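Both of the next two complexes hold chain A, though its partner changes from chain B to chain C.
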Partner chain A sequence: MTTFLQLMLNGLGKGAVFALLALGFVVIFKATEVVNFAHGSLVLFGGYLVLVTKDTVGWAAAAVIGIVSAGLLALAVERLLLARSRHADPFSLALLTIGVDVIITEEVVRRLGVSLPFIGDAWDAKPLQFAGVTLFRTHLVALGVAAVLITAFFLAFRYTTWGIALRAQAENPEAAALVGIRRSRVTASAWLIAGLLAGVAVLFIATQDFSGAGLSRGTHSIALAAFPAAIIGGLDSTAGAIVGGLAVGLVDALSTEYISFAFAKSAVFLVMLVVLVVRPAGLFGTRETTRV
Partner chain B sequence: MLSIRNLRVRYGRSMTALHGVDLDVPDDGVLAVLGTNGAGKSTLLRAISGTLRLHRGVITAGTIQYGDLRIDRLDPARIVRYGVVGVPEGRQIFARMTVAENLRAGGIATKPAERAAARKRVSALFPLLDERADQRAGLLSGGEQQMLAIGRALMAVPKLLLLDEPSLGLAPKLVERIGEAVREIHAQGTAVVLVEQNASMALSVADQAVVLSVGSVALSGSTEEIAASVHQHYLGTPAPERRSLARWS
Partner chain C sequence: MSKLLWIPVAVVLLALPLYLDASWLKAGQYMMIGAVGAIGLTLLSGQAGQLSLAHGFFLLVGATSYSVLSGTDDDLVGLGLNPLLALIGAVAISALAGVAFAPVAGRVRGIYLGVASLALVFLGLYLGQAAGSLTGGTSTGRAPATFELFGFSFSNEGTLIVAGVPLRGTERLWYLFLILLALSYWLAKGAVGTRIGRSWRAVRDNEAAATAMGVDVRRTKAGVFAVSSAYAGLAGVMIVLWFDILKPDENEFGTYGINTSIAFLAMAIIGGLGSIPGAVAGAVVVYGLPQLLTLYSTDLGWFTGSVTPVLVSSFVYGAAIVLVVLFEPGGLAAIGRRIKELRS
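Coming up: the complex of A and B.
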């Protein structure tokens, strides 16, 4: 029972991180219909900035630098590349993001060389013992941080003018244009938010607790679990992104324990396939998956 | 107020929808644009509001002059800020948002100081929208949705309102109701371009009219002249009086 409890808590902790990534992913998709395959590279880039600055400015400031840099990189990708071809079809733009992903990822990996540095200094590898249950501090902090960020996001999404503009554009781009919503601003804000969330997520991913591996190509492939998370929840559903993220975290934790570590990744994608067969638009999605 | 010269619009590579259209919207007037399906009425409104791109359309020649300003190269959000606001065909309200949120979206481009007044105007015109404020817009009836679509546009404080077939799919009573609303909006000082297949409603509201036919202006003039010649056009007899129009259209 204690093992199970421990698994659930750790699974939710991991899931919270996937939820942050999936949320960013979904926000971009909602605003632009573009599937952002460069999400993993934003994660790596943010982590890399933390790594190179933390020895001089201290970890906390470095974390802020990393988060902001990931956000700014996302914004730059949108402004410099995607915005220039805004009448292009979302499919071609998605292909463009694959190119961006490869370039950024390979460059960061090249600079990292053979090192696998951990960047979660503030919480990494300091487990808590509580009534016989071992809890990773990383996962607990991740849960807390994600809860705060996600709540803030939903409040803004529901009540602010920005949220109304984003939802209006997601639902009907033509009508949104006809009431004077500036498409480019909504799109830019979506990318910025997705980048910031990716920058937060990497602080938990490149840790001993989360993955046992530091910043590396592996970080990128872990971040890729945001895709099944977003797809399970439904690509155009923000609430779905949270549910999908938590589901991926739990499936990962449970299958690692009860089946094998090597199977965990397949398990996540198997769950995604099952969800897609039963509900092609994802659990909470409304759009046909053929539009992806 | 708005003057269009030699406007040509093409969709895709080869489908020409407007072949050199000239027309003028008089200051503070109501211009009815009549014509059958495929005549280019919606295309004309899309060209004015800058949303052709979203339909893979492009202006290949001509100018659209709004006051001293050429608006045919501007993006839609800009055009709205200059006071030219469109209600698209089929209403296109934000169905998953509430009525209140739809109206809030409509006021996004409005100066904060003017928003309360705009909201009051919408309440006065369509009190029903206040009763339904917290309902999801998708659950409204067709007539209510059309009121919401018009209300949403009014939140942007238009100087020129573009209405694309507001009577589409509505019961005659509601068509009358929408017609009254348009008259009221006009009386408050907003110029209107009213695209309609329902000629009787449009002509009863407008003071000028044009008839589009396969992408060109076939007729233009005052509503009386158009009413007479439309009658001639379709029935081959001179129009006895305005009232008869209501029956066949």
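Coming up: the complex of A and C.
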């Protein structure tokens, strides 16, 4: 029973991180209908900047630098590349993000070389003992941070002018433009938020507790689990991203324990396939209908 | 390309083994592997509009099937079939694997399918390691049976001298690959120009309209998935013959992993999605560049420490994808068409 409890907590902790990634992914998709394949490279980029700055400015300041630079990189990708091809369809733009992903990932991995640094200094490898159960601090902090960020996001999404603008654009881009909503600003803000969230997520992913592996190509591959998280929840559902993220975290933790470590990676994707077959638009996504 | 232009191209390709040494031929063969796979993907993603990142998985299916069907190892599963039969069987099994994915492929479309297909890459990684009796496992792998055609071995066995040049394994494999590529090209061209190709494009452009015109959308999608997987499976057979070993990946960035899937997608995009000559040109860029840079690496002197030919090629094709989407969505095929118009 205690193992199970521990597993659930680990799973939820991991899930919280996937939820952050999936949320960013879904926000971009809602605003622009573009599937961002470069999400993993944003994660790597943020982590890399934490790594190179933490010795000079201290970990906390480095973490902020990492988060901000992941956000700025996402913003730059949108402003400099995607915004310039406004007439391209979302399909082509998704392909473009694959190209961006290859370039950023290869460069960061090259700079990392053979080192696999951990970057979650403040919480990594400091387990807590609580009522006979060992808890990873990384997962607990991740849960807390994710809860705060996600709540803040939903409050802003629901009540601020920005949130209304984003929802309006997601609903009907032409009508939103007609009432004076600036498409470029909404889109840019969506990318910025996604980048910031990716920057936060990497602080938890590249840790001993979360993956047992430091910042590397593997970090990028872990970040790919944001795809099934977003798909399970429904690509255009922000609440779905949270549910999907937690589901992915739990599936990952449970299958690692009860089946095998090697299988866990594919288990997450298999669950996604099952969801797609049963509900093609995800659990909370909008069902696509065609008028003839 | 006009019909007459084909003759000098064919003559040059046929004559190359008489002049080039083995390392160059290996590089050329690698491009042909890329071209066969890329033709399959450009049919799926370009002609039928379904994104797939699972090409690496189907490569693994083809590679494993060939090794199992033709294998004669004692400690591994092997049926010891004739290599030609094994090759045909491997292509058929890959196509069936594509059909098996149809329940998913038929339900989601376009970009969603691309994300869903990522699942297969992870599944392939797991199965490749778990089914060691088929794949030989990650530590040793397994050697594929030498390809044979009606008793003629594509290895160094025996002597065959043409125009004073002894044709050994590498030279023979060049001709085999050339035949396979030509066959792939010709079949794809045929499919695109007929009713099948039109149904693919109808599904890509508008599923509702396609249905209204009597195209069975689900069946069409399953069909194009099968065709594309068959091409990937053939490329997989070619890659085990090229490496002369089947070795399942240790992580998702190996021979049959995500990077490979992305490389094939890059070929199709750079060449111009949907264009078959474009896919071949894309393969020359994406798979040719790392090979040629490696061959020239000592002369160039660029490659020190972490800057490797593979890395430089990744940068080039990553940037090429971005540039193609931004400035020339038709890719190399569109550029080629424009040059032709200028001349006429």
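Just so we're on the same page, the second predicted complex is superposed on the first by the 286 of 292 C-alpha atoms of A that agree within 3 Å, B and C clash if a C-alpha of one lies under 4 Å from a C-alpha of the other, contacts with A are read in each partner's own complex, and residues count from 1 in each chain.
In the analysis below, contacts are C-beta pairs under 8 Å (C-beta built on N, C-alpha and C of every residue); 3 or more make two chains touch, one makes a residue touch a chain.
The structure presented is a predicted model; accordingly, all values stated were derived computationally and were not measured.
K.L.:
Looking at A:Arg84 after the superposition, I want to know if it touches chain B, chain C, both of them or none. Which is it: first, second, both, neither?
P.N.:
A:Arg84 contacts chain C only, not chain B.
K.L.:
Considering only touches as defined above, state whether A:Leu273 meets chain B (first), chain C (second), both or neither.
P.N.:
second
K.L.:
Touching A:Asp55, do we find chain B (first), chain C (second), both, or neither?
P.N.:
It touches nothing on chain B or chain C.
K.L.:
Which partner, once the models are overlaid, touches more of chain A's residues, chain C or chain B?
P.N.:
Higher number of touched chain A residues: C.
K.L.:
Thinking of the overlay built on chain A, is A:Glu171 touched by chain B (first), by chain C (second), by both, or by neither?
P.N.:
A:Glu171 contacts chain B only, not chain C.
K.L.:
By the touch definition at the top of the document, which applies to A:Ile98: first (chain B), second (chain C), both, or neither?
P.N.:
Once the two structures are laid over each other on A, A:Ile98 reaches chain C alone.
K.L.:
Which holds for A:Ile181: it touches chain B only (first), chain C only (second), both, or neither?
P.N.:
In the superposition, A:Ile181 touches chain B alone.
K.L.:
In the overlay, answer first, second, both or neither for which of chain B and chain C A:Thr161 touches.
P.N.:
Only chain B; A:Thr161 stays clear of chain C.
K.L.:
Touching chain B in one complex and chain C in the other: list those residues of chain A.
P.N.:
Overlap of chain B and chain C footprints on chain A: empty.
K.L.:
In the complex formed with chain B, which residues of chain A make contact?
P.N.:
87, 161, 164-165, 167-168, 171-183
K.L.:
Per the contact definition, I'd like the list of chain B residues that touch chain A in the complex.
P.N.:
49-51, 53-54, 75-77, 80-81, 85-88, 92-97, 101, 104-106, 108-109, 152-153, 155-156
K.L.:
Given the complex with chain C, which residues does chain A contribute to the contact?
P.N.:
Those residues of chain A that touch chain C are 35, 81, 84-85, 88, 90-96, 98-103, 106-107, 110-111, 113, 217-218, 221, 224, 227-228, 231, 235, 262-263, 265-266, 268-270, 272-273, 276-277, 280, 290, 292.
K.L.:
Could you please specify the touching residues of chain C with respect to chain A in the complex?
P.N.:
Those in contact with chain A are residues 49, 51, 103-104, 107-108, 110-112, 114-116, 118-119, 122-123, 125-126, 129-130, 207-208, 212, 251-253, 258, 262, 265-266, 269, 306-307, 311, 314-315, 317-322, 325-326, 329.
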